[in-house]
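Paired with chain B in one complex and with chain C in the other, chain A is shared by the two complexes that follow.
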Partner chain A sequence: MLVYTVRRVLGTIPILILASVLTFVLIDVSGDPLTQLRMQQPPPDPSVIELQEERLYLDRSMPERYWLWVTGIGGHGDIGLLQGEFGPSTQSNSYDIGAQLAERLGVTLRLVGAAMLLALGLAILAGVVSAMRQYSKIDYTLTFIGFLALSMPVFWFGGIMQHAGVSFNDLVGEQVFATIGDGLYQAQGEDLWGRITNALAYMTLPTIVLMLTSFASWSRYQRTAMLEVLNSDYVRLAKAKGLPNRVVVRRHALRTALIPLTTVVAVGIAGVIDGTVLTEQVFQWRGLGEFFVNAIETNDSYALMAWLLLSGVTVILANLVADLLYGVLDPRIRYE
Partner chain B sequence: MHKRRKTLAFAAAGLSALMALTACSGGGGDGAEEEKEVTWVINSLPAAWGAISSAGGSVYVIQMLSGVIPFTGQYQPDATYEYNMDVLAEEPELINDNPDEGPFEFSFTLAEDAVWSDGTPMTGEDLRVTMMMSASPDEGYCTTCDSRGTTGADMVDTVEVDGKTATFKLKEGLANPEWKGMFDAHSVAGGFYPAHLAEEQGFDVEDPDQLGEYFTWLHETRPEWSGGPYKIVDGDLKNQVVKEPNPEWFGETQPALDRIVMPYNTDEGTFIPAFQNGEIDGANPAQYSADIVTQLQDMEATLSIAEGNIWEHVDINVDNEWLSDVELRKAVFTAINRDEIASRNFGSTYPDYELKNNHIFSSQSEYFEDHLSDTTQGDGDIEAAKKILEDAGYELDGDTLTLDGEEVGPFRLRSTDTVTRSNSLQLIQAQLDEIGVKTTIEMTDDLGTMLGEQDFDIVQFGWSGSQYFASNAEQFWHSESESNFGGFSNEDVDKAAEASATASGLDEAAKHANTAVETIVPEAYVLPIMAEPNYFFASERLANVEDNLQSSYRATYNIGEWDIAE
Partner chain C sequence: MTTTEHMSNEETSSPGTGDVVLEVRDLSVTFPSDDGPLPAVREVSYVLRRGEALGIVGESGSGKSVTSMAIMGLLPKNARVEGSAKVLGQEVVGLDDAEISKVRGNRIAMIFQDPLTSLNPVYTVGYQIAEAVLAHHKVGKKAAMARALELLELVDIPNPAQRLKQYPHELSGGMRQRVVIAIAMANEPDVIIADEPTTALDVTVQAQVLEALESARKETGAALVLITHDLGVVAGHVDRVGVMYGGRLVETGPVEEVFYRPRMPYALGLLGSLPRLDEDRNERLTPILGTPPSLLTLPGGCAFAPRCPMARDLCHEQEPSLLATAENGERVRVPVEDTGAHTAACHFSEELEGAQPTDLFRGTAVGAETTDTGGTADTGGTAESVAESEERAEQAERALARADGSGDTADGSGREAILTVRDLVKHFPIRSKGLLKRRIGEVQAVSGISLDLYEHETLALVGESGCGKSTTARLMLQLIRQTSGEVEYRGQPLHSMSQRQLRPLRRDLQLVFQDPFASLDPRMTVSDIVAEPLRIHGRRNGEAKKRVRELLELVGLNVEHGSRYPHEFSGGQRQRIGVARALALNPKVLILDEPVSALDVSIQAGVINLLEDLQDDLGLSYLFVSHDLSVVKHIADRVAVMYLGKIVETGTTEELFRAPAHPYTQALISAIPLPDPVKERTRERIVVTGDVPSPADPPSGCRFRTRCPKFADELSESERVKCVEEPPELVDRGTGHPDACHYSRAVELI
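Let's turn to the complex of A and B:
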């Protein structure tokens, strides 16, 4: 297992290098980070522009900048992935991309973690129930809900949920659900109970929005996988041996049916992270999604590169974890 | 410190019993006197804690710092100028306005009781250091200050500080018609900054490197200082700032609110539910949204819509072989129907829109002169346009315009891909088609490069207007200006533009600016369409809150007077 893990980790290095080259080149050729400064009225003094070009290393060639971005050798101490520096930002001299990523990662993980857990739990439940009651009313109902959820755009559903939250608040005469912000500031000075209720007030709506698409697709995968397993010989044998249906499903069928879902969830992490871009925008959370939008709006090339690289690393790691989980879920798989 | 949310959060999970329990847990301070708190939205994330730098130079930073940065005056909503006599001891003095008789010279004297929030008196040194940080690095005051607007500060030769007074002398032969605005609400700093904190933080402002470090410190550090009615007590650059009254505020009107929370909200789509939910009390968004305005019109809210500072215009690339002919340009501008464009974009929610008839001044300005109405430009008069073309020797061959048998154009009609500009370009394309001028619409997401490389034949984009106009004509149309994107060159316009920029007073500058406008209109180089409207909305529970479209501070321009209605 350890050897396999090390081999897999080493195997990601060339992928990461390739990803870094592609990320850098694509972002670098996509536009001038100083466009907004050059367009200011009245135009800034040329010495101000020169100062910024030097600060952002735009006075160097693209290969030099890539080398700087990766190693930091020859820079001003604010660049070099190997030194833990993501580069200077166009947003301001004091905008520390690494610190921002770390801080916003925590915000996004709250949302992504809650959404994924909820989506996964509901998807497994819905998938199993649908498979066990194939072609029943509940199967059709869950299928309909799944396709409905798949077809709803995040920004639209987010708006609907906000209005639903406001209507609910009006109905009960209390501000139960908040529609904007992550509530961290509002939780300051609150006791534990206050912090919990505050978190729920701010997290409920965006979590539902973010988990919906994942729930929809994962529940369909789970249903298909479960049906396949339920119709397999070893399950039929287990039933024939007189094992109670609950034991057959939980101990024999579900465990095997989770393997394809593991792969889907690992790959789906990228989709959930993408979903945060819109969800965080709609609900005004200052997480990684909003970091990405800001970076685009301000032509902040180093911030964009950092976001893309982080997304790539997350997907690679998630796939690695999924590979390792196969061994846990399926006793037939052993890593040599 | 924060109003406790009476949360029924578990209701979402359908746990009604817990709903009741948590509802009871809310400690909203029953029986206690309700604090006066207002939540006012900043429409985007501020990039820094200071407004001088190129990154910090946005309306969002200015609005975030409202009530904190002291300033010497500002334009009021009705476009009249008022000095801030809380901060000033007397109106600023213009000592010499004739550069031929000696250096252009003026002085500011701050009020005797004007102090920063730590009790330190405001002095002329604050003005001097703010000026030094606003200048370009080439001036030698500051090595790394990347000021977003260096023009006024770069003119200064010497500054004499005598207690509360700072006297500025400009370099030989220079005049600054906008001298009174050097430290006002519309200046590069949005006012002026404390100098004494530099020493407290260990920076020597006479050392250019250390002044740069102080500049950076001011832009990176959340201000615990204030020179206005409020001071920032909490917040960051990602979520919100919280302001409470500055106990050292020396102004005549004392702040009436206990707290002002300013969350940063970048998605206008969230305004309506948040406003309905009581999470925000109002906002003055930078962009117009007919959809949001329509929804607000049906709600209980104070809502106002008026002409903003960004004005849209159509420019022609005069280096194009066809469009170098002024008669063709006149015909193109005559065929364009400005009213149809404005009506299509804004008519449904802002029927009182005004077409722009002066490139420099809005119709509210005391300097406004209508130089466009007497021409046919922008009228959409197809017959008049055809007549101009016919007189100039062009022929309409079917639906194609030709000159000496050769097809004219087609032209590339360009802009950025926004809804209003997309609508506009489609209309212009149809209007020009009626006089046989064929165009292809090409959108771009990189306006700066497109303009800078003169990569267009006809283009629509926006300029940001300001009450300070003296250098506008020079910037827009001077033959050596980098912002003269269409390549226009005219000696008379150059002279008038230069005279406006170097006039000794605003009246004289306005006279020259109007001359430049009058000269350029017959050249059919730039056709102004209209200023984009801006909207403002506020809860009806607020008092003394109104929009000020003359200022980057917008509704926060008088934040010290805000109150809760009785």
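Let's turn to the complex of A and C:
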């Protein structure tokens, strides 16, 4: 198992390097950060542009800039991933990409974590129930909900939820659901109970919106995996041993049916990150989604790179975790 | 066996239940289907006494598995089960999950067909056995594990302590089936139901596993219900037999009675359709015509009547009950408890007294129509003897012709070798996982074999799974390319030709696949399937159509069948379609890769006969790849036995079966169960142990030495050195045919 772990961890290093190259090149060729400045009327003084070019390292060649972006050697101390610096921003001289990223990561993680846990739990539950009652009313209902959820665009469903939240508040005459903002400011200074109610108020709607697509697709996967296992010979043998049905389902069926889901969830993280961009826009959270949108709007290439790299690393790490989990869950992989 | 007793004594066997451990009465199972209710099992009744072994035989769809699943309560919820099944007097039909869990695995256990899928891949072997113990006994985990170890020893698993901690994928198929047996034995059940326990295993492993089952049963005193399609397995391992057909028991009785004096035409037909290892028969097999009934549209009377040569009006009108024949020839009802009785569900079972399969199933049309009640033996006999003597004369002529041919080919001259293989080698690389895909080894599938296939002969390539026989067949067709060696067809070097150059030659070399269900495109009509090779090779439409009609007739199908789709046909008919497709281009050589092993016995015989007829009519050469020595003995002129990529023995069929010289050939022949209770129980056997080693790392010297009984028991230390160091050549060592054993000695086994 140790060898397996080490091998898998080492295996991610070339992928990380490749991800950084791709991230850099993609953003670097996709536009000039100084477009706005150059287009200004009346045209700004060439020295101003030159100064900006130097500040953003645009006076150097692309390979040089990549090297600089990774190592920071030869820079002004505001660049170099290995030194924990993400580069200068176009948004303002004082805009610290790293600090912004860290702050917003906290906000987004709250949303992503809650949504993923909820989606996973509900998906497993729905998948198992659906499989065990195949072709029953509840199976058909869950299937219908699943496909409905899959086919609803996040921004549209987000809007609907927001509207529903407002209507609900009006109905009960009290602010039950917060429909705007992440609520972190409001939570300051509250006691534990206050924080919890605050979190529930602010997080419920966006979490539901964000988890919906993942829940829908994962529950379908879980249903299929579970059905396959329930019809397998070893489940039949487990029953023939005299194990009661619930033990058979939990120990033999569910345990094995979870294995394929780990991969699906790991790959699904990319989808959840996509989802946060839209969800945060709709609910006006100051998270990574907003950071990303701001960066695009201001042609802030280093901020974009930081965001892309972070998503890339997240996906790679999620896959690494899935790989390791696979090894734990399935002995056939472990002993290869 | 009163109600009060089994109410108060639910789990323990009470003396009041007598020695009956399983009592099934009028058990019926119906599945709902889109086309109406499907009666899979109809009114099956039998009793099983303590320690007794009952065999249930039948072809696929006869209801034999469904019956036992119903007893175990393992059928899907939508199945409707009626009637009664009592385990130690306790009714088990209709129990809820909690109640039946107490019986299952405790008083009655089950062994399933496929050991590769019966064990959960994510738990260790030990855990899965211990689980069975813990399900019924309040003991600690340690104690359960200790019991698991004991059980592994009981089923003869080497290094049991180590195996306990291993996962199923680390064990071979035979070992896994032993684990499943160990699980079944865990709580010393009174009844074990084994559903085709060895069908998925190789013959030499089958023998080992059956032995393990037998000894474990002896230890625990469990009674056995052995469900199988293999009459040989039944003959050797059970006391009584029940034959199922169309969801019913159609014949029951002591095993000798049923095998030597069958009272139901179906049982007689089954025995006649088997190619036999133990009989010198170059005669044709006697297939049962037609196909097993569709359960949705069962005929009104006897389910077998449409296929029965004896059938009369009564048979089509009234379904016969399962009755015994009394001394005076009258059919009488006997109680199910009378386990010594021989019963049959046939209105005319007394007419089968002393009948041979050939009396009934050959020249059927004439025999059945002209005979009146009672006169079967006489008229049938004379009619038969004429037909038979004609047939014999023909056979003799044919045999003579073959003998002539082989007479001058003994030294290789005379008849021409049509397909020749020299020093053929095929290694498949094993690559590492990850990006680099380094080559970390190779599977030596075929390791230097040479073969000659002569014109108008059948050469059989025999061996167990993984021996390289199918790879050899594919190499001969150049569907895959060899690592080294030569393949020549009529002197043309196929091995060095390009695909384009090969194409015109492919017309002459055609392939028939094993699985008639997977090898036909379900979306094409039969005509299109058969015509496809013609189109590929550029025949015009009208011409192709005519040819398809010819071909369908040739393989015994109706011309109207051409417009139908494969799923409308039975397995045997599909295989005929596959043969028709292979024949479309008038090939000279057919490579038959296990062509009958997916078929039921009664169907198999018909396909074998067809292949023999086609060979005679069209002058084909067959390379017949098979694991089934009985079929091979029936159909082949010469045999080559393969083991781990090498040919270990080759010779004419007659020589090889009369005096096998290589220990592996001897073991293979010994391991084939004979469908004859007395012979099967008294025959001399040469038994091999263990499993086939990995072809990625074959043993040095003689590849068979790790499993060789001669190496293990007969040879001295100094003699063994030669086996370890020197790979034996394939040469004649004075037995009349070549073998690859340093110390070969011909032995008579049959």
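A few points about this structure:
Rule of thumb we're sticking to: the second predicted complex is superposed on the first by the 326 of 336 C-alpha atoms of A that agree within 3 Å, B and C clash if a C-alpha of one lies under 4 Å from a C-alpha of the other, contacts with A are read in each partner's own complex, and residues count from 1 in each chain.
Please note the rule applied: contacts are C-beta pairs under 8 Å (C-beta built on N, C-alpha and C of every residue); 3 or more make two chains touch, one makes a residue touch a chain.
Not measured: the values here are computed from a predicted model.
Look at A:36: by the touch rule set out above, it reaches chain B but stays clear of chain C. Of the two partner chains placed by the overlay, only chain B lies in contact with A:293; chain C stays clear of it.
Counting the residues of chain A touched by each of chain B and chain C gives the higher count for B. Of the two partner chains placed by superposition, only chain C is touched by A:232; chain B is not. When the shared chain is aligned, chain B comes close enough to touch A:197, but chain C does not.
Chain contact summary for the complex, chain B toward chain A: residues 1-2, 4-12, 19, 22-23, 25-26, 45, 47-48, 53-57, 136-138, 144, 146-151, 154, 216, 219-220, 234, 238-240, 263, 265-267, 269-270, 273-274, 276-280, 446-449, 451-452, 463-464, 471, 475, 482-483. Those residues of chain C that touch chain A in the complex are listed here as 72, 74, 97-98, 101-106, 109-110, 112, 114, 117-122, 124, 131-132, 135-136, 167, 169-170, 180, 183, 186-187, 433-435.
Within the complex formed with chain C, the residues of chain A that make contact are 7, 11, 14, 232-234, 236-245, 252, 255-256, 259, 329-332, 335-336. Of all residues in chain A, those touching chain B in their complex are 31-32, 35-45, 47-48, 51-52, 90-95, 103, 155, 159, 162-163, 165-166, 168-169, 172, 174-182, 184-186, 188-190, 193-194, 196-201, 204, 208, 281-284, 286, 290, 293-294, 298.
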